[in-house]
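Both of the next two complexes hold chain A, though its partner changes from chain B to chain C.
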Partner chain A sequence: MAIFDRRRVPAPEVSIPPIYEPLVGAVDQQEAGPSRRDRTNDEARPIFLKTGLINQANGSGYIESGGVKIACSVYGPRPKLPPYTPQGTLNLEVKFAPFASDPRRAPLRDTEPIPLSVLLTQSLIPTLQLHLLPKSSIDVYLLVLESDTPTNVLSAGLTVASAAIADAGIAMNGLGVGSVVASSSLSSSGSDLAKPSSASLLLLDPSEDEEKASESKVLVGSMPALGRITNLFFTGEAGINEACDMIEKAITSSRDTHTVLAQSLLEGAAERGIGAETATT
Partner chain B sequence: MSSSALLLPGQPLPAELVTPPLPQCGSGCYELNGRMLASVIGRPRRDGAVVSVIGREESGNTPDVGSIVIGTVSRLTPQQAHVTLTTSNDRPLPETSEEFVGVVRVGDVRLTERDKVKMGECFRLGDLVKAKVLSLGDARSYYLSTAANELGVVYAKSEAGNPLLPLSYQEMEDEITGRVERRKVAKPEGI
Partner chain C sequence: MFSVSTVPPTSTQTFVDDFPSSTSHRKHQSESDAMAMDVDMDDEFGAGPSKRAIVTPGEVITSSKEYMRGHGTYVEETSVVSSVTGTIERVNKLISVKPVRSKYVPEVGDLVIGRIVEVGPQRWRVDANGRQDAVLMLSSVNLPGGVQRRKIESDALKMREFLAEGDLLVAEVQAFFGDGAMSLHTRSLKYGKLRNGQLLVVPPQLIRRLKSHFHHIPPPCGPTGVDIILGLNGYVWVSAGTTQEKREGGDGFDAEGVYSDKNDDITPEGRQAVSLISNIIKLVASEGIPLTETLIGEAYNWVQQQGHGVEAHGPLDTRDGERMLAEVAGVDISA
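And now, the complex of A and B:
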């Protein structure tokens, strides 16, 4: 017999894939097309957000938003290796778990996280006060556990990263929040001939199918508390008025996301006992 | 002062805290377009002319110029002492894998007779040292100074391994064997 290979998990020689029972109503979702059935066009999918779940990190957050699940951990501010920088630096890394998407991803050979990390760094830097952290760096790691589209990953990633940074007690200008709006023209669906061809359907927080069917989409990173935009990422083709409408809509919805973010941060602060001793005095 | 609500980053400070005379922004808050906003999660507090937002104890603070830091001596050369920092302004530094390192150069050990300072008669490995940050230093370390009465060694062990008690500004005594060792002693608080 050959030497036992202790580096690999010995799998059984024969394996059978599980058999799934077809979901009830699965056919309905396939036919959904541009118009939604489960929610209105201005309605975002519910968000679950919790901070402080990763003990080893200085701050952490976990988000479930639509088809995206991300765990984010923040380390720092830690002393930065040479060379000297008068400002702090932000190191941000997005990683996908092998099971995060279908088909499975091969670790290390995956090239998608790099542009996502760059975009997310750009959206996050305006929310931070890096001038207060000379010679230091903040390390942010986002582990994507489940994903549908890169835009939704970015949007949820920005929200969860600012939650984790705020949880770490690092100074910020404001809380960053991401929101996505997709636009698809009604004429392409063929059913609504009565409507003018220029009219288009704006969908807030589009699902994977809706985003595929859309002609353009915009990701807006904003700080609703300050009324400022941190980043704008537009793909596809749209008229100027339509683009403005899409951005308007994204900003409106970012206020709702901000409420969720604020609520979970307050809960997280209560669990950590922030301000408990000052309240008694 | 009544206990006020928890603030989030970007939230304006409550109006009763920013009444004239206009206070200065302390830690945890900043000014934007004439408004004072919180920058960390915490409760606001006003001490005279300074408002600050008090957040997590082990929050993201880093040593800055003028901070009073405490650390242990980790390396000693005739020219300088390397100090591994643990607290800054009475707040713990964030726990990370890399440590904040400071350097006390031989000229910054004490205020007088700077040229006669011998490093070995001021610090020993493992001593707990209180120092002030002079500058952000070079790429690796902060430059520290112990040139003040209340700065210097606050806790040390003798060669025999027993705790030392301060005798004078440059001597400490082993409380068991009675042997005297030389240090740059910090003036104990409350004397």
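And now, the complex of A and C:
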């Protein structure tokens, strides 16, 4: 109040978004209910996963999951430059192709991959047995070819990175798998706000629109084969019970994803002429 | 290239917590005894969940009470769990998992082929397809002018004249360092610098430990024959042939030429023979068939009989390759 900027036109202190009249014939998503048409709320979108597509790399994987496409290559274990480290190091780099999202990305000025790389490294490290690899490094490169939301990129990224590392024959504790659950309130009418925990709807593997409409979302990185969590990334607001339900649901679905991952590894082995007859069962 | 068929996620696999934990395991001892009897009958791992010969990381193989863990596995509570994708191998009570694909895991006495990456103080660092670069000490090579010659300071200064960065050599694994890096030696006339040929890189799993890793395909294949060295680290050297005496220090052995950088004159026929053998090895390796001398020899004879003489030196076309593998190795890849 005391200092008034005379040189510029200051913005008003309070602003309200414009209110549009609903289009005739258009169905509002919230009004129609957030339930899905093409799948149930507990159903994840199908996954395509294949290992060994990049010849130069020691191990590689390619995943298509929902709106995300990622190619991952793994190099190593290879000798690391000094200084000496008694454990192996994991270098992980997420890169977005310029065409990976709309609007297009500027390759070097893009800052989004850096926190994604850090989070993904965190989720991946518990799956590895780095104490067996002194003086070595494992280099993992993820190239995102198509993306919808950062959460889905992380989830698919963890799955494809473990597939590629397993394909490279690097010792792991278990296969890491990511899964996402979003929670959104059933309807936007005022009466339900009184009891948000019972009225919210949990959506497994949310699409971009579903995630935008949600109040909270959780990404769970886990090793289903061992029943362990490697990373938990929660955004938004939810009650304790609701949060537990979301995590529970994510863990259940990660078991299904794990099966897809294990199957693709067995298929990769079959292509090298090993265990062909067992892999088809 | 490949067809994109998406898989709807479903749960068909078994998980650790689906199985009785350590306490209940002990409770049902009679039950596990009954399962142990099945082991002898079916040669399966009765105590654990895995009923398949191939496992993925994190998959429970069997109980750690009855079996010992080997390579590619670790112990989680009371189970032996796989840490790689591969086939289960069992020797008595020792369970190990052999990975489908991995870096070369060296053993003392293995014959390897490597490439010099760095010349350091008293040692060369050698890329031998392992987890760590291998080390070749100046004291573990034979220098020109006498096998048992003492290494003097001037030799250390001339190291790059013997082996420079990028040179290929064949050596034997002598020992390991604390961090698992291998130490090599070339203290035999069979070992040393390589020339007159070409290097092929195949998955190390395809080369088994054989009686000899030096093979010679005699002269109808090229004017002097073709030499093949199968390095256990997956590096294969195919070169124009020499006689046994020349190779192993007999008549006509050129002691001064051991560290020569110059290739000999190789006739076009000799080059064709080398490339034909290389193509056969590439084809066999691409289908994941283990390489042996007999297999390569038979494949070469097959190509000769089909009328693709050394004149037809290009890569075998797909149909010929399929037929060759079917008839020589008994592997059908047409599907």
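Note that the second predicted complex is superposed on the first by the 228 of 281 C-alpha atoms of A that agree within 3 Å, B and C clash if a C-alpha of one lies under 4 Å from a C-alpha of the other, contacts with A are read in each partner's own complex, and residues count from 1 in each chain.
Basically, a contact is a pair of C-beta atoms (placed from the backbone, for glycine too) under 8 Å apart; a residue touches a chain by one contact, two chains touch by 3 or more.
In this text the structure is predicted, and so the values were computed from the model without any measurement.
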| item | value |
| --- | --- |
| Fit or clash - chain C, chain B, common chain A | clash |
| Which superposed partner A:Q263 touches (first chain B, second chain C, both, neither) | second |
| Which of chain B and chain C A:Y75 touches, first, second, both or neither | first |
| Contacts of A:S253 with chain B and chain C, given as first, second, both or neither | second |
| Contacts of A:I47 with chain B and chain C, given as first, second, both or neither | second |
| Which superposed partner A:P22 touches (first chain B, second chain C, both, neither) | neither |
| Winner by number of chain A residues touched, once chain B and chain C are compared | C |
| Which superposed partner A:P10 touches (first chain B, second chain C, both, neither) | neither |
| First (chain B), second (chain C), both or neither touched by A:E64 | second |
| Contacts of A:P83 with chain B and chain C, given as first, second, both or neither | first |
| Chain B clash site on chain C (candidates 63-71, 261-269, 297-305 or 315-323) | 63-71 |
| Chain B and chain C contact sites that coincide on chain A, given as residue numbers | 58, 77-79, 127, 129, 133-136, 166-175, 223, 225-226, 262, 265-266, 269, 272, 274-275, 278-279 |
| Contacting residues of chain B [partner chain A, same complex] | 3, 6, 8-11, 28, 30, 32, 37, 39-43, 45, 54-56, 58-62, 64, 94-101, 136, 138-140, 142 |
| Residue ranges of chain C touching chain A (in the complex, touch as defined) | 2, 4-13, 15-17, 52-54, 56-60, 72, 74, 76, 81, 83-87, 99-103, 131-133, 179-181, 203, 287-289, 331 |
| Complex interface listing, chain A residues touching chain B | 58, 75-79, 81-84, 86, 127, 129, 132-136, 138, 166-175, 223, 225-226, 262, 265-266, 269-270, 272, 274-275, 278-280 |
| Interfacial residue positions of chain A with respect to chain C in the complex | 44, 46-50, 52-53, 58-59, 64, 77-79, 127, 129, 133-136, 162, 166-175, 223-227, 253, 255-263, 265-266, 268-269, 272-275, 278-279, 281 |
